[in-house]
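Both complexes below contain chain A, partnered by chain B and then by chain C.
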Partner chain A sequence: MGDNGSPAGKPGAKRRFRIWRGDENGGDLRDYTVEVNEGEVVLDVIHRLQATDAPDLACRWNCKAGKCGSCSMEINGKPRLSCMTRMSTFTEDETVTVTPLRTFPVIRDLVTDVSFNYEKARETPAFAPPEGVAPGDYRMQQVDVERSQEFRKCIECFLCQNVCHVIRDHEENKPAFSGPRYFIRAAELDMHPLDARTDRREYAQAEQGLGFCNITKCCTEVCPEHIKITDNAIIPMKERVVDRRYDPLVWLGSKIFRRGQEPQSTAGSAGKESVVHSGVRQVGVHSHGGGSGDPSAEVQAQKGVNWHREVPHPTAPAVDASGKLPLTELTFDRAAAPSPFGDDVTFPLPPEHLNFAHPSQDEKH
Partner chain B sequence: MTSTAMRPRGTRARAAIAARTLRTDRWWLAPLLTVVGLTAWVAYATVRVFMHKWYWVESYHYLTPFYSPCVTDRCVEGASHFGRFLPGWWIVPDAALTLPFLLLFRLTCYYYRKAYYRSFWLSPPACAVPDGHTTYSGETRFPLLGQNLHRYFFYAAAIISLINTWDAILAFHSPKGFGFGLGNIILLGNVVMLWAYTISCHSCRHIIGGRLKHFSTSPVRYRAWTFVSKLNVRHMQLAWITLGTLALTDFYVMAVAAEWIDDLRFIN
Partner chain C sequence: MTTTTRIERHHYDVVVIGAGGAGLRAAIEARLAGRKTAIISKSLFGKAHTVMAEGGAAAAMGNVNSRDNWQVHFRDTMRGGKFLNNFRMAELHAKESPQRIWELETYGALFDRTKDGKISQRNFGGHEYPRLAHVGDRTGLELIRTLQQKIVSLQQEDKRDLGDYEARIKVFSETTITELLLDGDRIAGAFGYYRESGEFVLFEAPAVVLATGGVGRSYKVTSNSWEYTGDGHALALRAGATLINMEFLQFHPTGMVWPPSVKGILVTESVRGDGGVLKNSEGKRFMFDYVPDVFRKQYADNEAEADRWYADPDNNRRPPELLPRDEVARAINSEVKAGRGTPAGGVYLDIASRKSADEIRRRLPSMYHQFKELADVDITKEPMEVGPTCHYVMGGVEVDPDSGAAAGTVRGLFAAGEVSGGMHGSNRLGGNSLSDLLVFGKRAGGHAASYTEQLASRPRVSISAVEAAVETALAPLQRDTGESPYTLQQDLQAVMGDLVGIIRRQGELEDALRRLAELRERVAKVSASGGRRYNPGWHLALDLRNMLVVSECTAMAALERQESRGGHTREDFPAMDPKWRRVNLVCALDGDTVRLTHKPLPKMRPELVGLFDRAELAKYLTDEELAEFDALTEEER
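Our next item is the complex of A and B:
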């Protein structure tokens, strides 16, 4: 509601916007005055701007229902989904400032390059199937899976990754820190009743940079799915790390009673050695995934996942002569949109390059 | 062919936005209130701990939690359940066995960490507001690596809560035998809140059941975990409520002991 008591966004009301326009070479906030109707959200207004004053305004969006996670941007300085930010939350005389996500490199206007998150996703070990249970025979009780299910609500809007000050304010931490989205992935799998890996907590601590988190809870504050990222994933993972690494009673108990030394899956055993003794990783080198060309790493990879194999660098999509993505395929030399994975990647990927080790794969070889 | 598949370049530039933050709300209010609240409480507690008097009401056996249990040789007899074995230098708090652990329990508490990292250390002061430091290593190295010892201080705090409970029970006393006054309600309320804060601790939630992979095989621990989880949601509120009840209890006992006010008695 506005100060004068009239409903915000009444038909035809003109509202002031400031939108960041530019690319990696620089840019600035530009002022726009645009019509806003009752019931509209910020994304509607951006679409109206594209239809009127700023036809070349770049913005990523898809579902307009808060479920695809595409339209993340910063509205009045707060990371939000623009399709879920109602205009009625602003007063009528308020200027709404819209900027791209700050933590990731900008491509143009409100569109950022979020590939950092996909690299971290590739590095996170996948679900490890339990030994002796055929696919299709998995049975789980609801109480066992419900903690993991909370984290499956994630829509990968990367607002938590964007707001986290560990990488937002310190670019240099990016190689060592995976971010809240991948901590909930680690927690989801560590709490999964059928996941066979036993080293996820060591992985979270040594490879994902769990210790960088100082639990200031901004990830939880911005999550549009209201996942309790800090309380239900990060803190439990920190406590699980404490179990293994900082709790002398548990250490003593495991030495005396040989507790917690359950046999590990094939996938877990190969990785565990490397994770606990791993040093500082090279910047920009992916930690596993295959295709490294290093024979010893490949041999080890046959036995399980080696987190230190180098992934072939992904290629960006094809570009036109000006070095930019074509605006329309009419002006481009091939039909349909260019592959986001790059033209030199074909699917399906060779299985030996995948980050997956089936427990029974040794029997086949 | 006019197009080429290009390799991604190294570090690309972020959007060049001049303003450090574009937040328009009063994001500075919460950290400011935290600084004011915690500073005021620590100042009051420090003064009280080194005052070495007005901690015990002989007639009603009220003992302030700041002096429980009293273990230095200047303690009055009723206040010292565990003997008086420490020297009575002024620098030694009379509850020297318990206060350091209570301090460390709260210092390493997951809620207080958020509160003081945001307000005192400005790392970050608020979400999407830049933090005040050029480098950041979080809790990966000494001394902040020590935050991982929280669960030991939780065990200590649970024992200390038992001692505080015992104090509250002993306080049902008057010169005629059994007695019950306003001071008892305050002491009891404080103990209930201390238990709620202690049990709602994230480490407790982990130990009680959070560490299990299969809840279905441990139904009792699952129910306990569910209960602690409900309390855990209120951990922040309980952290502040207990600061309030501790200060209130101590102040009430001090006021009665110094004879500034009389205890309101219901029975005897």
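Our next item is the complex of A and C:
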């Protein structure tokens, strides 16, 4: 182990850094030459600068182990935790440029005012304990808590918030948009087996601005905890919200019955919704990316909606040669984000293309 | 001088300093008691060092082994602390921790589950039964996030009822308290600064709860974050409270030693609880050579039995890798000193050869992740390189066990969590700190609230005290002749790491005290360049005097205690001495100087002594105490 460390930083090698210094009135990149030892990370180098050339260089950090999410910054333009960015990932002659998070107002140097996030946290309705269940009597199955546990891994580094193009460089969207961190919070509570509230998704749509998100997956890409923010939280939340909003039967039901009595996901049942009824021999044509040119789908549409068609399992997104998701704001060939569904799809989709299994119909089946 | 009238003032009933587990739990309790509560956090809300706790929270819920109960937990805690614990704290802790854990579920916590849907519990060093409620290996994060979200939910209630989120509970993030202010012998408030703006802030409050954590930044190799500068310990001393057991520091046996950038960072004990073994450079599983006599009955002396224990704990003795932390740390230290260490000065912790890669990734997800990302080491394929790292201070503010009220001459001051002393005796068991935070955080918050209620008049902050605090805080910025705070911190760390480390000797401790006295002169003249806005150099300059006074307490107490026990090992007095078990070393400030006194330990109640068998007690108690015990059992017959 001791000998498999990267050769990039020979003991005492001098490396070039450019670090943004300044405050809300402006600032600039300053050049530093600093010693880098084998096995060090960017935060070590910043600490060395503080102890030598720049004692008042402002930077947040706490645990230095990738667990507290304090030391978020942009390193060579990429949002990263500086304690988890090894110097060996740069070539020896590369200048490392370190700048503060761009989405939040600068306080000084690498420290930004992240209070936006705490405000959004405060607006997200808290866990609602189930009535009549005493402390100590909570019973949940591991398989059911695991879905929410993924989102509770979040260390609140706010890199996802920083990279989200809805608010990055779009100050005007901030009031109406909570950001990926709070979408996973809503999803976490939605999937919590004992949470007593049933309107998490509607809330996400109506109050958190879930609809602004067009699934570019930048948040997933930067998450140091590797939470599948888009695939496991945002898309399921969006789809279920879409179900409610556009499904004609649910719409009719919500008109006939009072709102709130419509079929809801309750404790432990969230998992069932995605059950695919394998006995059904229906050819699945559902595709997010497909247009409406599919003839069998047209035939199907004439017959009415078949709730028991096979819907595809969610799959991991394709990655490029470097193991990254292919879509990034930084490399995309046009301003703003592409439609995550493909450019040839128009909305609303025909009902048979929706990824939805009707709960009451399924029961009868 | 800045005029004190321009300082931002706030009025609260209870001010909680520290926003880790203990602080947040105390604040919740004070707010639930209807007090207007402020939480002061040195970093952002939710970043406190509690997030680093990995293994779990010990509570005798009996979910995995129904034979577990509070008496067994109490016994384990006393054993782990080598009977130096404040027995009443250990008792309250063992009795109340299950409720505190269950309560977290009502706040939204999601612990890992047993098959029947209860909270799962895992094995851990020093605990007789599987006892640690956990969430993978990120239990601390779950705990802090849960408490953070509970505070948010209380704020939402206040918003609904009173129109303002911050009507009754407010978090002051990135704010440091530099001084507690007194009115006679009563707490009147706290003075500090916003890190962001450098502006001063004054909290007028009759009750203060200290929950500032530990002192690890005074050591070179530490798992602690920059916040751990002993602020609460020093604030308490300066306000007239006392510290106990400051000689006892826990060195976690398994900190990363490679690569250098992450030196000190912890490898959770769960790696060993789940089957990981320690090997020296010769490939020998050396822990079998280090089982002390007092533990022979519980720990296996051969590999076969130790390996059987994981599957059948009822009929086999435990693997020696699960000995209490002090024993394991000393064993590793001895192996390295004997020349059987790794190139980086540690030993190997091997789980790769004992569990399947899938199982390791499932049981230890963040360990796997941490090693992969930080060190480019795949723990499913190769062993980790680990060694002792400064982890936890057992010593702290001497408190009333039931209320958390600080002893000494001050009223209205409470302490909970790592900053308080007594609960863990000479050595803390893994998993007992998270439950400690909850049990005593709640108690301190509740008692601080009731203290404010019975006050006849509100204490007043004196202007002169505020002026003095302003002057002290600005001094480093106004000097330009002194040394850099970073240099001074490095020198302090060198003194503590080299001379007051794991193994201590009289000569070195005396030397340490001389050097600390020199450092005191230098720290008094420290200068910080730059302005007041988010200036880490200035912040460190102000923290230094806290680190220094706490280090002096540690060095003095370590020199005084002539025995080895738990987190205090004297090479010149290698054995435990029952006479010293009856003594707590108490530090107080006399002007600027630390004064050390001996104080007898409170006597354990008979029914609690009766939980132990005589053979075990004989290892710890003096003959005189044993005779008393015998008389007692005689009576019962």
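Note that the second predicted complex is superposed on the first by the 244 of 365 C-alpha atoms of A that agree within 3 Å, B and C clash if a C-alpha of one lies under 4 Å from a C-alpha of the other, contacts with A are read in each partner's own complex, and residues count from 1 in each chain.
Assume a residue touches a chain if its C-beta (ideal position, glycine included) is under 8 Å from a C-beta of that chain, and two chains touch if they have at least 3 such contacts.
Computed from a predicted structure; not experimentally measured.
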Which superposed partner A:R102 touches (first chain B, second chain C, both, neither): first
Contacts of A:G136 with chain B and chain C, given as first, second, both or neither: second
Touching partner for A:D31 - first (chain B), second (chain C), both, neither: neither
Partner chain in contact with A:E239 - chain B first, chain C second, else both or neither: first
Partner chain in contact with A:V114 - chain B first, chain C second, else both or neither: second
Contacts of A:T216 with chain B and chain C, given as first, second, both or neither: first
Doubly contacted residues of chain A, that is, touched by chain B and again by chain C: 113, 141
Of all residues in chain C, those that touch chain A in their complex: 43-49, 51-52, 61, 98-99, 102-103, 105-108, 110-113, 116-118, 120, 135-136, 138, 141-142, 145, 149-150, 152-153, 155-156, 165, 173, 196, 225-227, 258-262, 265-266, 342-344, 366, 369-370, 373-377, 382-385, 484-487, 490, 528-531, 533-538
Touching residues on chain A, where the partner in the complex is chain C: 1-6, 23, 37-41, 43-44, 50-51, 55-70, 83-84, 86, 88, 107-109, 111, 113-114, 118, 121-122, 124-127, 129, 135-136, 138-142, 145, 148-149, 152-156, 189, 192, 195, 224-226
In the complex with chain A, residue positions of chain B that touch it: 1-8, 10-17, 21-25, 110, 113-114, 117-118, 123-124, 127-128, 130-131, 133, 135-140, 144-145, 148-151, 202-203, 205-206, 210-211, 213-216, 222, 232-233
Footprint of chain B on chain A - complex, ascending: 20, 22, 24-27, 29, 74, 76-79, 94, 97, 99-100, 102-106, 112-113, 115, 141, 143-144, 163, 165-166, 168-173, 190-191, 193, 209, 211-218, 221-222, 231, 235-236, 238-243, 245-247, 284, 313-321, 323, 332-334, 338, 342-344
